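My questions all concern the structure below.
As written, the chains take the letters A, B, C, D and E, and residue 1 is the first residue of each chain.
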Amino acid sequence: MANLKLQQLTKVYNKNEIAVKDFNLDIKDKEFIVFVGPSGCGKSTILRMVAGLEDITHGELFIDNQKMNDVSSKDRDIAMVFQNYALYPHMTVYQNMAFGLKMRKQTKTEIERRVNEAAAILGLKPFLHRKPAALSGGQRQRVALGRAIVRDANVFLMDEPLSSLDAKLRVQMRSEIISLHSRLQTTTIYVTHDQTEAMTMATRLVVLNHGQIQQIGTPKEVYEQPVNVFVAGFIGSPAMNFFSGSLTASGLKIGDQYIPIPAGLLPQNSSQDIIIGVRPEDMYIESATPMFHTEIEAVELLGADTMINAGLGDQPFTARIPSSIAIEPGQTLPLSIHLNRMLFFDSQSKNRIF
Amino acid sequence: SESEKSKEPVAEKGKVELTISAAASLKDAMDVIQASYEDEHPEVTLTFNFGGSGSLQQQISQGAPVDLFFSAAEDKFDLLVAEGMITKDNSIDLLGNELVLIVPEEDTTIKSFSDLTKENVSKISIGTPEIVPAGAYGKEALETMNLWNEVESNIVYAKDVRQVLSYVETGNVSAGIVYKTDALLTDKVKIIATAEADTHTPIIYPVGIINDSKNYDATKEFYEYLQSDETIEIFEDYGFTAQ
Amino acid sequence: MDSLLNSIFSEAFLSPIWVSLKIAIIAGIIVILIGTVAARFFARKQFRGKAVIETLLMLPMVLPPTVVGFFLIVIFGKNSWAGQAITWLFDRPIIFTWWAAVIAAIVVAFPLMYQSAKSGFLAMDRDIENAARVDGASEWKIFFFISIPLASKALISGSILSFARALGEFGATLMFAGNIPGETQTLPIAIYIAIDSGNMVMAWLWVIAIVTLSFLMLLAVRVKE
Amino acid sequence: MANLKLQQLTKVYNKNEIAVKDFNLDIKDKEFIVFVGPSGCGKSTILRMVAGLEDITHGELFIDNQKMNDVSSKDRDIAMVFQNYALYPHMTVYQNMAFGLKMRKQTKTEIERRVNEAAAILGLKPFLHRKPAALSGGQRQRVALGRAIVRDANVFLMDEPLSSLDAKLRVQMRSEIISLHSRLQTTTIYVTHDQTEAMTMATRLVVLNHGQIQQIGTPKEVYEQPVNVFVAGFIGSPAMNFFSGSLTASGLKIGDQYIPIPAGLLPQNSSQDIIIGVRPEDMYIESATPMFHTEIEAVELLGADTMINAGLGDQPFTARIPSSIAIEPGQTLPLSIHLNRMLFFDSQSKNRIF
Amino acid sequence: MDSLLNSIFSEAFLSPIWVSLKIAIIAGIIVILIGTVAARFFARKQFRGKAVIETLLMLPMVLPPTVVGFFLIVIFGKNSWAGQAITWLFDRPIIFTWWAAVIAAIVVAFPLMYQSAKSGFLAMDRDIENAARVDGASEWKIFFFISIPLASKALISGSILSFARALGEFGATLMFAGNIPGETQTLPIAIYIAIDSGNMVMAWLWVIAIVTLSFLMLLAVRVKE
């Protein structure tokens, strides 16, 4: 229920360690923004600046078009899940969740209703009277999440709120957060390292690196049309394969391997040296007319899928194939690539050119 | 100031509470006197504030609501007179005291002041002359007896007379010089000798009414009672001498 | 034996205990309150001259108590501004009153509470305060509901020390509040005077009383350990 | 370089809260055991008992056949990654990692070598002189990991060591841990919520619930032959679909939907009521002879795959299909199930019967 | 002005400063060491009678210093077992020596260090000690390398309080160590005597000296804040 405007936001620690640099982002009311980026790229720092817990070195922060740089946290009406939880160690689980409501002068019955509701959603009912020290890691994280969702704040900030939960609970919590968002429509910034969360929850995804924005877009855009090698390699798990190769009129050369490609699927006006990106799932076994043969180096069984590691023109890659096909290391496989899903990057700037 | 006081509705028939600042060494005698005086004057309550004469003097000079000052040190008393807190007319040198040499109860080596110079005498305690009158008198007496130079290096200065007594009682010093009245308080020390009166300036306990007293009349009455014969006898029972 | 019982239940024996308790409790509470607030303030603020102010706050620890008492009678004495204000207000000087004893106890106990509390506020995880801030708590509510409970160990130790110091306060009280039985004669003063006048039975009884009080106080805060 | 024997290990908190119950596990030298289980099931508690940080309420712990119940932590020669990191806040990253080596009287050059090597692997080189408070969440977790891997302990205990890392770094760290294990062969117990880690790292997987062991086996065994509904539902993401149905002579009835199945693929001697388990990836679109048609309720794009939610005989399920097939909610799809991969569970005991 | 300068550089002025410094530093160090060790021990152990022992340790805070001094001369006096042992060892009694002043300062300052340190050890995150334990540190190494740094805020506050208390110690010292210029006459004693005998110039100079010492001490530990 608020829009946010981050303008040239910059955070410098200790006079010279730049954690966030010239960060520009307009978040519309009701958006669900997901931040992703490598460890240490500044995600938490931005959240903390938005929450008012960290001074803004340069730049301006607006919430509902009001400049917030010097407004105290308590007046920003934000609810936040801290990465390290920051639970109140001296309060019970119930009190932890009730605190924010009490501070905002809700009635006792209303507090009770909301806390119990959240506790039920989070599976914390049996622990309402325990202190955080007597909880498991995942239980603590759920309390931290509960403390935020009981509030109907203007803005939700969630810093990896599900990282310590098991897969099943995580799926469940994810859908709870999604339904919460569709019910309350609270503007949300959500930090995650989980690809599934990033892809399924975001209205827009923000990819960060070294404190700077790499790309902003819908998950589909970011996944299918990454702006550069960094984004392409960061989104998707296992990561996209990159091959350095060179362009010819009618195809590609990767090492000593030649791959013929229809002209319409190749970039124009580009220098000859090029980086080719291929996602593991865009390679497939084709016995009829394979593009190339390769010897399997390693096989990793992942339940439904199997990952195979092999090489193309001496450059290693990973491909994903269904587990139903039994494969052994050492075996030689005929492989093809979905040509229309290949991506091309400039070898100098690393930006995508096609 | 006399006229100011008369304006006060001096508790005619009502209760009067008198605050008397008195030297701690007077405590036991004053307890007895308090009992008998309050019997005779049911309308009067005596509140005693016992302490060191120096502290009492500083309190009064800073305006403590005291009616009567009974000092164990003439110089502190004189300071208040000089400040105009006490008028000469309303004060009197009431009691005297004697300076005695004490040793631990079981000690047999020291028999007189001159024995203090013996080889086997280790430490001798007196009050710090600057702040404890008994110490000043003790030092003076030793000087007069020409013993000071010899014993000076063995002297332990104490904060008050009580401390000298503790040292002697526990045998941590070989001897101490205190007032006779103090020595009588404990049976763990024995008095070996009394300093001749001419070896030191007379020990005087002056008493005086504080000019700011709000109960001048009642104070005056008690002040006069202190000078009565039966009171003086009580003091003498505790070892003081009448001045 | 009978006479011992008589002494124990005598007004003379009990009076210093009540006086001491009353003074130590009131001074203790005041010191705990202002010490905690001051400590939190100084723990969070950096400014020029902070060390100077902190030194002044520490002074009552390094000066002999009698000298502290001397400063107190000068500060509140008849020639001072404060002394005159008090005399005008209450129609009597503060010296020799029960309140003087409370003030003396406050002054000497304050540094103990202040230092302990400050260490507690400095040692604590600031992000928990931040969480409360985000939760909409005002600075005062954070102080009460978060900072104080989180620093509780240090605050308890400060409280123990301050209360004990207030209970044991002697020199400054004797100077500033005098030694007025039933009013300002506290246990330590009574013990001192009893020893001074050779009344060892009473002295020992009072020592036992003060030890018992200290013991009860330690038991009372123990539950939190 | 040690074997572990956990015998009837039990932990009771506060006299009546049972966190771990009668836990029996023999860990052979050089094994890499992975613990998985829902939040609060007792994984950390077991690790803490093995490390000697938590008293053992009942039962016995042996390391190299020596009873360890009363041996101090320091004499167990264990290296541990704590779930909450437990870094030394007053030491730099370097000192944090060097501490254990110092305590074990390594030479200065050896300490330097090992710490620098670990820092390089973990990407912590730029932060060696920072204190933990000035690190991001993921950086802190890497320090915690580094503190363990610099040691060549007898036993490694790792409590979700990669939970705060981004996908890319996590894959990298995972393979570092695997190669570390294949180099040092240190007996390891590893707790994770990440299915990929569990499947790829474990020599044996231990599935826990409510402080008790559900199944022990290789990842493949656990994935393909789960002993009960709990294990089947817990392992695999998205989770296995369960349908309650009834057996007939030649097939299954799920709601009003009849599915003919060859007799050899059906359980024998079972009661009629049955629970059928189908993994999302074992369903596929088949236009020719579909088993059933269903209307798509929701579509979730996950990069390479798309998850569709729909119903079979009124029971909801999730199926995974390649993203290359475009699907819209509301559409009706012809679906089939790989019959030979269906699992059957007793509806009473919830144990697998076929 | 000249006379002021003369006073400042006179032996009479400087001597109590040196005496005080020496005593406060030595007593402070000893108190910090044993207080920290005792606090850690008591913070981690629960046993019957712990409250009784802790009460005894607190006693020097609640008793009038003179009474503490009195106990000291009884305990270390020439008629006591300890006193005779000391006399036999050092060929002279300890009372009235410089060491007596150190002992008096230790006894009165100990409870401050003990309580502060204990609160620090109680407040700290035990899992960090556990991590060190797993890392193979012995209990002593944990104490030195982990517990002490983690409790540093509380230890510093305890050190400030103890040093200040040792520096300001007056009553017990005067009783147990006497008032021997150049040997046991500390700053507080000198100040007391100067004020009591009306020598206000020297009193003020010494007050300034003790304030300066306190200030320097606070500055010295400040870096850690």
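Going forward, contacts are C-beta pairs under 8 Å (C-beta built on N, C-alpha and C of every residue); 3 or more make two chains touch, one makes a residue touch a chain.
Here is each chain with its UniProt name: A, D = Multiple sugar transport system ATP-binding protein; C, E = Molybdenum transport system permease.
If you're wondering where the values come from, they're calculated on a predicted model, not measured in any experiment.
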**OP:** Could you tell me which chains are in contact with subunit D and with subunit E alike?
**Re:** none
Original post:
For subunit D, which other chain has the most distant CA centre?
Top reply: B
Original post:
With chain centres defined as C-alpha means, what is the inter-centre distance between subunit A and subunit D in Å?
Top reply: 21
Subject >> Distance between the centres, which are taken as Cα means, of subunit D and subunit C, whole angstrom >> reply: 58
**OP:** Return the distance between the CA-based centres of subunit A and subunit B, expressed in whole Å.
**Re:** 88
Original post:
Which subunit D residues sit where two or more other chains touch them?
Top reply: 84
**OP:** Enumerate the residues of subunit B that touch no fewer than two other chains.
**Re:** 162
Original post:
Multi-chain contacts in subunit E: which residues touch at least two other chains?
Top reply: 66, 70, 192, 196
Original post:
Which chains touch which?
Top reply: A-C, A-D, B-C, B-E, C-E, D-E
**OP:** State the interface residues of subunit A toward subunit D in the complex, per the touch definition above.
**Re:** 13-14, 36-40, 43-45, 83-84, 123, 134-139, 142, 159-160, 163-171, 193-196, 199-200, 219-220, 223, 233-239, 279-281, 300-305, 320, 322-324, 338
Original post:
Which residues of subunit C touch subunit E in their complex?
Top reply: 51-52, 54-55, 58-59, 61-67, 70, 111-112, 115-116, 118-120, 122-123, 151, 153-154, 156-158, 160-161, 164-165, 167-168, 170-171, 188-189, 191-192, 195, 207, 210-211, 213-215, 218-219, 222, 225
Original post:
Which positions of subunit A touch subunit C when the two form their complex?
Top reply: 51-53, 72-74, 76-80, 82, 84, 86-90, 99-100, 103-104, 147, 151
Original post:
Where on subunit C is subunit B touching in the complex?
Top reply: 66, 69-70, 73-74, 76-79, 83, 87, 92-93, 95-96, 174-175, 178-181, 183, 193, 195-198
Original post:
What residues on subunit B touch subunit C, complex-wise?
Top reply: 19, 21, 24, 27-28, 47-51, 55, 58-59, 62-66, 160, 162, 185-186
